[in-house]
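Okay, so subunit A shows up in both of these, paired with subunit B first and subunit C after.
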Partner chain A sequence: MKIVAVTACPTGIAHTYMAAEQLEKTAKKLGHSIKVETQGAMGIENKLTEADIEAAGVVILAVDIAVEESERFERVRTIKVPVQAAMKNPEAIFAQI
Partner chain B sequence: MKELLQKHKSYLLTGVSHVIPFIACGGILIAIALAYAFQFHYVDAHGSPDLTNAPVFVQNLLTIGTKAFELFPAVLAGFIAYGMAGKPGLVPGFVGGFIAAMPQIVGDKKTSAGFLGALIIGLVAGHVVNLLKKIPAGKMLRPIMPIIIIPIFSAVPVGLLMLALNHPLAQIMVAMGHFLESLQSGSQIVLAMALGAMIAFDMGGPVNKAAFFFGAAMIEQQNYAIMGACAAAICTPPLGLGLATLMNRKRWSEEQRESGLAALGMGMIGITEGAIPFAAGDPFRVIPSIMFGSMVASTIAMLGGVGDHAPHGGPIVLPVVDGRIMYVVAIVCGALTTAITINLVKKFTEKTVTVQGGKK
Partner chain C sequence: MPLDLSFSCPLPNGVHARPASALEEVARTFTADVVLLNQRTGRSANAKSILSIVGADIRFSDPCLLKINGTDEDRAMAALGSFIRNTLPRQEAALPAIAIADGELRLPPCLGKSGAVFRRGTSVVPGIAQGKLIRASSFNVPDGLALDGVEDVAAEQKRVENALEELITWYGQRAVAAGKGVESELLIAHRSLARDDEFRKSILDAIQLNRRTAAGAIADAEARFTTLFATSENVMLRERVLDIKDVCGQLLQKVYGSAAANRSLVLAEDSIVVADSLTPCQFLALDCRLLKGLVLAEAGTTSHTVILARSFGIPTLVGVEKISNGFGDTIEAVLDADLGVLVTSLTDMARRYYAMERERLDGRQFVLRHFGEKPAATQDGHPLEIAANIATLDEANRAFAAGAEGIGLFRTEMLYLDRVSAPDEAEQYEVYHRVIEAADGCPAIIRTMDIGGDKPVGYLNLPSEHNPFLGYRAVRIYPELETLFRTQIRALVRASAQGPLRLMVPMIATVEEVRWVKKVVAEEQARCAAESISFDPAMEIGAMIEVPSAVFILNELSGELDFFSIGSNDLLQYFMAVDRANSRVAKLYNPLQPGFLRLLKQIADTARAKNKWIGFCGEMGGQKRYLPLLAGLRLNELSVSAPAIGGLKAELAQLNLKDCEELLEDALQRTTATEVAELLDDFSVRHSAPLLGEDLIVVDADAATKEEAIKRAVDLLYVHGRTEQPRVLEEAIWEREANYSTGFGHGFAIPHCKNAAIQANSLVLLKLRQPVAWNSSDDKPVSVVILLVIRDFDGATEHMKIISTLARQIMHEDFRASIEQTNDAAALCALLKNRLNC
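And then the complex of A and B:
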């Protein structure tokens, strides 16, 4: 399945990127294709385009803070989890898909 | 209820995440300017830094740093409200937070509602805007809702409330300062340990910032000891963990040893967040170890009479610290405590550790 995700932690220098890495790794392992946008201290990186979101079956929001431009995801099924969950047990998130 | 609290926590964290770079920028610039003042004896009769006759560039650095720091209540409240209500939250949040930064005179002290005021007013602003959004607006009114109606009708009540709260909150800050000055050495140790534990606990998160803001607010009250204790505690988590990777290399994976060097660098400039990549992989061993080290550091600093004039921590503020030798002793002891503790309790690295932070 095509999946898009956003990660964002309060400080935006460590957890945000570690969570993104875990999501990418796990998706690959389970045979999904995934694109992860990070909203860290550098702002939005690897930004999800309209086309990315349109094509995705589900969006995973692994966030502890408010998501920037959250209106983009209004029309897609959303799974929202804390950043910690994406780092510690990403399989459990993918099991919800 | 639990969900409601969680939501509010994420609003507060949204504010904190936007304000961190302001604090780091302001804190470091202020530290540099004050360091210059102490180094070249630009001090007044009381020994406080006085840059009136210093080079203009240094004065300007201080101005820039101070302005970045003065923005923090406005940015904090603004982005708390933004996290809650989106763009329309920005106006009442920023205005309310800016009012919270207004100087207040309590007795013979100059202070402000600052951090405390910004937290409260940011949440209020978000709620007010969310209420206003519910008002059904006809076709005629809809375009002017977000640019005229909501900004004005949220900024006025939020601003009035903050203006009313300013003085009482400032009085609380001053009362806190008086209370701290009255503490005897026994309770000083308890206070220092509490500050150290808070600083290390979430490595730059809200608990850390609560202790930090407390120290920064007390600088305004001319009580430099609280920030002194915080400053020592701020840098020992990354320094201690970095040191641990150097002391016993076999215990750490290659990636962790690399993060160790980065952590040492972050520690030197007083960024507690440098410890996060370690704690994320093994929180139950790492967090107690760094709390222990920071408590040692803050207690030594407090008892050693260390004072910090700049709202920032780590070895980088050494030039603006009173009691420099004890400050160094506090940091070294704290970092060693963390390093030794973590190396004692840590298991030898399994080859398949899943989470490591190589990235910044």
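And then the complex of A and C:
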């Protein structure tokens, strides 16, 4: 399945990127294609386009803070979890897909 | 015909012992009676008695009247008038404001959880001391001495009179021996108390009227005057109680000899002395090598004992709760005047905390000494001498110990202030000679007196001025006070025989001023030659560049002089037409004003074109932030306060001259100070220390808990000069930790914070000797700690890219395994640089 995701943590220094890596790693292992946007200390990186979101079956928001430009995801099925869940047990998130 | 002089008290703390003593000094030189009347209270005082003046309880802005009556009343009126206008307003002890401890006590986590007992106090001298607690008691009359029943009144009075004379002489001799400084000022204040008419009269009366013995009469005087002081509404007066106790104790000893000696405290090992109160002389009698800390129940922040403790650098807490009971003598304790606590019942954890504190402070000293010992130079090898600004001989010694490469500014006016007459040639020669000796072959720039104007000197009787800052001061007063000036020049000329002395003249605005000074120097040199007194005929003469006009005649001045030093404090004030002490305009006092930078550039360029040595001795030079700009000016020297030397040398070693020159060129093109500040911030981000380095990696870190591991990591940042506020960082890290643990499993933790208290983005890697619990998501203990600290104005920087790469990599087992398997700091550093592409 095509999946898009956003990660964001309060300081934006570490967990935003750790969670992103974890989601990418797990998706690959489970045979999904994924694009993860990070909203951290460096601002928005790997930004999800309209087309990315349009094509995705589901959005994973692994966030501890408000997501920037959240209106982009209004029309797509969304799974929202804390950042820590994405780090600790990413398989459990993918099981909800 | 009696003369009246009315004034209102200009001192915020009122007329306490120090100003009273200064007034007494002036009043007693005349035969005329001088009565001081406090018109608020109606109390009048004999102005020749400190105790009497103090008893008048004069507070800020009280209306006062001096009544002068006697044969020399006209001269007394002139001298006292000058004293009231010029000297009295400056009699406020210059003490840093001390915050009284209140609010919740916040201890670092590993200390707070240690289980030790904490007693809070107000820190008046910072520092940390460890040692045995030893109790001291203050003034009392020894049991064996009779207090009453004197038969031969005259003989008993004579004993006291003789003892007082002896004591007065003794104070005088000790004050001279102590040289200039806090100790000598204190002894002089005590001498004034000892020769105080009221004090003497009170003792003699008690013998005559009450048939008290000398001991009884002294005890009465002690009780009477300490009560008088202690019940005053004036804090400064209450704190003089210890001085009274001290003088009474000394007098008792002079009358009775060793029979009355206070059992003096003998220190046998590192000690923290605890006292309800400790008199200044008791303090001075202690062995300073073993006196590590001082805990006082009473004694406020401005008592003489505290002032002494500060000058000796003895960590001190005052107002400590419950110290009179609760523990016996000889128990081990830590006095942490940085945190404001006395720590007893030391547990292992508390001991470990203070062992770490010692490592932190020693580690920083070691790093600073490492740079301090090396000649100052940029990374690419361009030297920029770092010298010291001093005002006393003591400071010269401290400066060279801190790595100074010379004395860039010796402010000689301190020799003239706070005294009743000018220092003579011999006294000055002694000081200059010893400064040159301390410099040991390094150059010493000695600036001739900058007095008058905003630094009035009572005995010179200079008229008070409407605008002293723009008035009659420094080089401008020399021709009128030629004798005084010649005395200084002669002392300097003589001292020039001892080593490289460079004479600097303040406030030069015209070429004529320089020519006049040079003529006087040449004449004094000729006189020395005629008298076969040795001197250095090649002694260099230079000017302080602080008046803007001098900048525009620098070519002409170069023809007359050997060197220049930029006095940026006054130069900036005069250039921007702003008084930096005036809060309403102080924001204009900004050295980053493009106009000011262009002025500095013009000075540096002109001096270099004329082949003249150019130094810089303003406060701007001591601030690391401005260093790249000043390095870009290609000055010969920066002269700063001693504590700044090591840090500046370390900072300079990180800078590349070409980068600094480019930065300066760029700054000179900017339009506003804000733009220059932004440029400087950007520069400091781009040129700050690298994110990671071998010095930030420890492979065998000793930490028993998560709290200790975090402290260790933060302390390392302090040791290497990446933060001056380790506690702020520690708190920020724990604040982040409170969200959820940064132990993400697999034995790794990645604590982090974003905080302005870090000077350079940093990555610290600790491999712990034994794993510690971290509340990790997989409940496993942590043995690898990676601390990330980022300055908060950062965005998508190079450093943040490295950190995000690390955050991603660390989710991979092979990366973690390679860190676990590498046990050498250099190899780990190389591994990280390789894997993180930096």
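Basically, the second predicted complex is superposed on the first by the 97 of 97 C-alpha atoms of A that agree within 3 Å, B and C clash if a C-alpha of one lies under 4 Å from a C-alpha of the other, contacts with A are read in each partner's own complex, and residues count from 1 in each chain.
One rule holds in what follows: a residue touches a chain if its C-beta (ideal position, glycine included) is under 8 Å from a C-beta of that chain, and two chains touch if they have at least 3 such contacts.
Everything numeric in this text was worked out from a predicted model, so none of it was measured.
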Identify the partner contact of A:Gly43: answer first if only subunit B is touched, second if only subunit C is, both if each is, neither if none is. second
Touching A:Ala66 in the superposition: subunit B (first), subunit C (second), both, neither? first
Could you say whether A:Ala92 touches subunit B, subunit C, both of them, or neither, answering first, second, both or neither? neither
Just checking: does A:Ile13 make contact with subunit B only, subunit C only, both, or neither of them? Give me first, second, both or neither. both
Thinking of the overlay built on chain A, is A:Gln22 touched by subunit B (first), by subunit C (second), by both, or by neither? both
Footprint intersection on subunit A (subunit B / subunit C) at 10-15, 17-18, 21-22, 41, 64, 87-88
Quick one: which bits of subunit A touch subunit B in the complex? Just the residue numbers, please. 8-15, 17-18, 21-22, 41, 63-66, 87-88
Taking the complex as given, what residues does subunit B use to touch subunit A? 10-11, 13-14, 16-17, 20-21, 82-84, 204-206, 273, 276-277, 280, 354-355, 357, 359-360
Subunit A-facing residues of subunit C, complex: 736, 739-740, 742, 744-745, 750, 752-754, 777-778, 788, 790, 794-797, 800-801, 803-805, 807-812
Report the residues of subunit A in contact with subunit C in the complex, numbered from low to high. 10-18, 20-22, 25, 38, 40-43, 45, 64, 84, 87-88
